Amino acid sequence: MNRAFNDRESQKILDIIKNFARKNSLFILAYGTGCGAIEIPPTITSRYDAERFGIRGAATPRQADVLLITGYLSVKTLKRVIRAYEQMQDPKYVMGFGSCTINGGMYWDSYNTIKQLDKYIPVDVYINGCMPRPEAVIAGFVKLQQLIQQGKALGWKHYKENLEWYRQNQQKVIKNWRMPDYNW
Amino acid sequence: MSWFNIKGITNPLTALGQVAKKPHTIRFPYEEKPAAERYRGLHYNDIDYCIGCGNCAEICMNKAIDMVPVEGIEPKKGDSGLRPRIDNGRCCWCGLCVDVCPTGSLSLTREYIFVSPNPEDFLWMPGISNPDGKDKRSWRSNDLNFSINTYEREKMPMLDPKERVKSFAEVVLGYEEDQARREAQRCLSCGLCTEACPEHMHIPEYINAIAWGADDDSLRIIYDNNPLPETCGKVCTRRCEEVCALAKRGEPVAIRWLKRYATERALNADEIKEIVNPPIAPKNGKTVGVIGAGPAGLTVGYYLALRGFDVEIYERNSRAGGMTMYGIPKYRLPLESLDKQIEYMKKVGVKFHFNTEVGKDISFDEIYQKYDAVFIGVGLQDAWKLGIEGEDADGVWSAIHFLRRVNEGERIDVGNRVVVVGGGNTAIDASRVSRRLGAEVIMLYRRRKQDMPADWEEIEDAEAEGVQIWTQGIPVKVITDEQGKVKALRYVKAEMVPDPRGGRPRPVPIEGSETDIECTTVIAAIGQSADYSFLPEKYHDKVKMNRGRIIVNEWGQTDDPKIFAGGDAVNRVADAISAIADGYRAVKGIVRLLLGEEALKQK
Amino acid sequence: MRKQKTTTIYLGPQHPGITGNMMVKLEVDGDTIVKAETHIGYLHRGFEKLMERRNWLQSFTIVCRICVPEPDPNEENYARGVEEIEGREVPEKARWIRMLVLELARIQAYLLWYGGQSASVGLYTIGQWSIGDRNYVLDLFEELTGGRVYHMYIWPGGVRRDLPKGFKDRVYKVMDYIEKRLDDYDRLLFDNAIFQKRAQGVGYIPPEKAIEWGVVGPPLRATGTKSDVRIDEPYEFYDQVEFVVPDFYKTSDVWARALVRRFEIRQAINIVRQVLDKMPEKGPVWNKIPNPHKWRIPRGDAYVKTESARGEFGYYVVSDGSQFPRRVHVRGPAYVHGITLLEKILVGQNISDVSMIMNSLGTCPPEMER
Amino acid sequence: MADLQKENLLLEVLKNHFNDKIFDLKVQRHQRVHLRTTTEQIEAVLLYLKEKLGYKHLSHISCVDWIEENRFELVYILWHPEDKINVLVKVDVDRLNPVAPNIDYIWPQANTYEREMREMFGIQFPGLVGRKELILEDWDDLPPMRRDFDTLQYVMENFEFRSGREDAQNVRETIAKRTGEEIPEFAKKYSR
């Protein structure tokens, strides 16, 4: 029996089943880090009803699958976001909302916001907009589902493997690094 | 409130009534609700219509727009060849870039979904990345009222047409200070105009200086590469304004009038000297002789003098200025204005020899031997003839001679009816001068009004002053009376025949349509040619000609390295600013020849 | 060893019950709060610094980001501040359109509040309805301004575009729909025994202290004070429309504040209808500004304020005569409500009521720290 | 609009009470009154306005950095709920030694404003309680709202922008290069 599940073919089938399950129950941790938080309620309420895709809110990081970075991140929040992200269980995904997460957006010259989200935590999908409309948010989720199904949303693995690099970037902007170690 | 209320439990249960209702959910992505008519989504740029002025990049406070070269877009006059590229990782979809676009090529579309796992994807070229965006354009600036740019020009105060014809007083009065500031503020500072200007003046800079209230700086910038700015400010053919970004959908910035405004801040030569205060290099011992004190010659004189050369200008007339002095009527360019600029040149060390005709009073050989370099800027002195019967009659003038005599102060009796043949600026000048001499004026032009090479504004002004413009008429004969004086001009009507090779339509005479116009004077303004009789035979193999124009290289140099040439004698455009550009080019050529490449780089 | 009497609880910054990205540090004794301390700064972007680098026109696009749930009072304030210093006239129609936008914004902000307030007591159905219905108002915004949330529509000199064709009819229709729906919400929220029990007597603000403590907007009106910038200092054409400022709910608790909002959303719908009736059909909507890069505002300062859904929103705009603002300082109602006031009134309350009290005060972190 | 009777009356009362301790009194417009005083007098003025004249509501405390004139300008904005007048009381604080009196015993919410100013401008308010860090965390540069703090430079030093945009060209320079135009140094400040 064990041998049967260890060979490559069955692993593949198992992965497909796993990914199917994962993609259809995306519990989001809506950490309202920025403006984008305002489009989350419309997305998950009756008009756009994201629950059709198994998307619904989770109260704590430990229960969540997807971390939504809804816009700009101030340095102070980044510290908390890293905490929240590291608390989340594998597999976990990150979505970056809006311009701010890509290249600084309209706060590109602000002294208190980070400019590229993917330097600090791995991002699986970016949604363009300022703010992204609910439709765009759903399109982002659909994309994320595709990536999960294809087994390409592997930011969490990347983070584990390149923890050094991420830590370096994180500690460059967070001057007072008093955080518990990342422990899985 | 009681401890138990039944309504508090039953009323919320009414929510159950919604069960049977159809949900209002938009089942995106299975069904779509199109975005609104003016939704601000992703950008679209009409690449062919865009002129690459970069105004969108300038207004964007997120620095989201880069101007980059695009394959297939060739830079040309009025088009920088660059196109906007949007960094969607910066854009905030405010739409200011659309509202400041002077051409209306940039717009936002209804398309807004752009999802990607790769953050590098979000750089894109609107119009190239989304060619199908054209049908989805939503936030646009087709209504000029909502565009941030001001498309209406400040109105230039002018003399009333009825007053104008009474004297040779200057017609254009010039901007008041607040008008100039407002007009200068309209400028988008893109710099497309500098390419169209033959002299590549620093147009955005001096206009900005006016907008900021720094008139002195403005004048200094203007004098950086134009020694006759007041002349240009009054009579320039202003090809810069044709390519102005605002001209695509509105009136161009009044570049000429703003230059005029800046130059008029200095009331006399001393003030110009004080304001401009150019650094004058110590004498370097080199000498340059200039033939002809027209715009080209004056430019060479001025800038070489600043660089420490000994420059002497030979002029056969008694005044400097060349065509700007003798060819342009005084109501456009008053004598005092020109004198002021010449006076300033004398102050920086340019030497003049007036009433000295080369080839008569002094031989070309002598000049050639005496100086380290020679610049020929003799211009076009002779007029083309009409080539019709009776044109030697008394009362037939060539415009250039006519204008010259008038500008020398002579009051010519033109009778009461003048026919001016031609459609260029000189023809207009001759017509308007004739009006001021008290005659009724008819302009006779071979083609249609829209084909006239003259400035549109000039044509309007002439008409306002009462000049009648008769088009599609070809003169065939001057009819004289017994004393050999002009009595009438006979012309045939013409019809416009399209050119089979795609050129502009040609006028073809209509058989039997001869008509006579009764008149006392006929003025021919159909073109000019040069007179090179001063140039001895032995130079002819070095100073080559092509259809009456001297051939020069990129430095203004003829095949004889010592001889430079410029102005109307070289270029076919024949206006003041091109002559100045030629002069400036020759300045660089002469510096390069006499001081070497290195000196060219120092300014 | 001293026996520890209280426990410290960090509510936020990531917490579903908090109204945004902020944190309240609570010292609790059992379930009762003995000390509360608000921590903000998680959303600080330094707007006021950024605006020093942007010219007067560019700054207008950034101000709406200051308050996410209700951006329009910011645009209005900024535009009016600039106009006041420069002395720029605003066309009549533009001022009516501004009022329309402000009132629609108020309606959508209250609808959002319905969702938040009811969710804070565990009633999720109302949120599903009201936030779903709020989309119809946002659709109107989308049609009018081109943006759903960030409108960037009111700018110095007027508004950016004229009303689209047939827009008025659609506004009437949406207003009728929402008015009808409000009764549904009433049955679910205000008639609901749970909400009544939970909200009454909670989050009491002493009325005699309210003004001194800097309370504004619905919380102040819930103390029985007639205070509204729209009547105290009428801007645009608020002196030409009729509306009632509720000063008859006097209990000054979460319940009274909820009733005030319930009353005001109906007033807002009423004002929208009046505005549409009184708005001239034709006319310019923008007094054109000069080239933005060369647009200088004379030296001066202005304090302008607008009544937002959460209370007095003030802008202190200072110009030093250049083409960049010297300083634009924002006074958001939540700045006072969310920090000093919240810290005061949380004492003695139950932990489970914190979220409800915060919602009723309208704390909004992005506006507190800009 | 309305006459400025109330506003002028207020100025009269203040003038009589404080004489030359307040200056620059002016009615800016309907419902707006400006006046200026010194840091020594500010508490007295504010207390008088609040307790005696009924300016009970403190709308705002703002601070403007006039770096050229070497001063911070504190602006206290008060509101009278019945008379409906905003009074803007301005005080200049020396920029090199920025100390202003703490007024959070007059209005509790002043505490937040003052803490913000302490953090953003570095103005000290003796006796002000509360955490040092209100908004920022671990900030070790100049107080960010000061005019001499260059936010772009700070960003350049601490953050990075995404690469791939280096090929951007300046339209003016591109054209000048193509035509061989030499823009003189002194003119460049007028280029865009």
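Lettered A, B, C and D in written order, each chain numbered from 1.
To be clear about the criterion, contacts are C-beta pairs under 8 Å (C-beta built on N, C-alpha and C of every residue); 3 or more make two chains touch, one makes a residue touch a chain.
Worth saying up front: this structure is predicted, and the values here are computed from it rather than measured.
Participant: Where are there more C-beta contacts: C-D or A-D?
Facilitator: Of the two interfaces, C-D and A-D, more C-beta pairs touch across C-D.
Participant: I'd like the Å distance between the centres of subunit C and subunit D, where a centre is the mean of that chain's Cα atoms.
Facilitator: 23
Participant: Rounded to a whole Å, what is the gap between the Cα centroids of subunit A and subunit D?
Facilitator: 39
Participant: Averaged over CA atoms, how far is the centre of subunit B from the centre of subunit C? Could you give it in whole Å?
Facilitator: A distance of 54 Å separates the two centres.
Participant: Where the CA atoms of subunit B average out and where those of subunit D average out, how many Å apart are those spots?
Facilitator: 48
Participant: Would you mind listing the residues of subunit A that make contact with two or more other chains?
Facilitator: 46-48, 76, 102-104, 106, 108-112, 116, 130, 133
Participant: Which residues of subunit C are in contact with two or more other chains?
Facilitator: 41, 44, 46, 49-50, 53, 61-62, 132, 150, 293
Participant: Return the residues of subunit D touching two or more other chains; collapse runs of consecutive numbers into ranges.
Facilitator: Touching at least two other chains: 136-137, 144, 149, 151-152, 162, 192.
Participant: Looking at which chains touch, is this a line, ring, star, complete or other?
Facilitator: Topology of touching chains reads as complete, every chain touching all others.
Participant: Within their complex, state which residues of subunit A touch subunit D.
Facilitator: Subunit A residues touching subunit D: 75-76, 79, 102-104, 108-112, 114-116, 119, 172-176.
Participant: Which residues of subunit A touch subunit C in the complex?
Facilitator: Subunit A reaches subunit C through residues 29, 31-35, 37-39, 41-42, 45-48, 57, 59, 61, 72, 74, 76-77, 80, 84, 106-107, 109-113, 130-131, 133.
Participant: Could you please specify the touching residues of subunit C with respect to subunit A in the complex?
Facilitator: Interface residues on the subunit C side: 13-14, 16, 20-21, 41-46, 49-50, 53, 61-62, 65, 68-69, 112, 115, 127-129, 131-135, 138, 148-150, 366.
Participant: For subunit A, which residues are in contact with subunit B within the complex?
Facilitator: Within the complex, subunit A touches subunit B at residues 46-49, 52, 96, 99, 101-106, 108, 116, 118, 123-130, 132-136, 138-140, 142-143, 147, 152-153.
Participant: Touching residues of subunit C toward subunit D in the complex: what are they?
Facilitator: For subunit C paired with subunit D, touching residues are 37, 40-41, 44, 46, 48-50, 52-53, 84, 211-214, 216, 225, 227, 232-233, 293, 301-303, 305, 312, 314, 316, 318, 320, 326-327, 329, 331, 335-336, 339-341, 344, 369.
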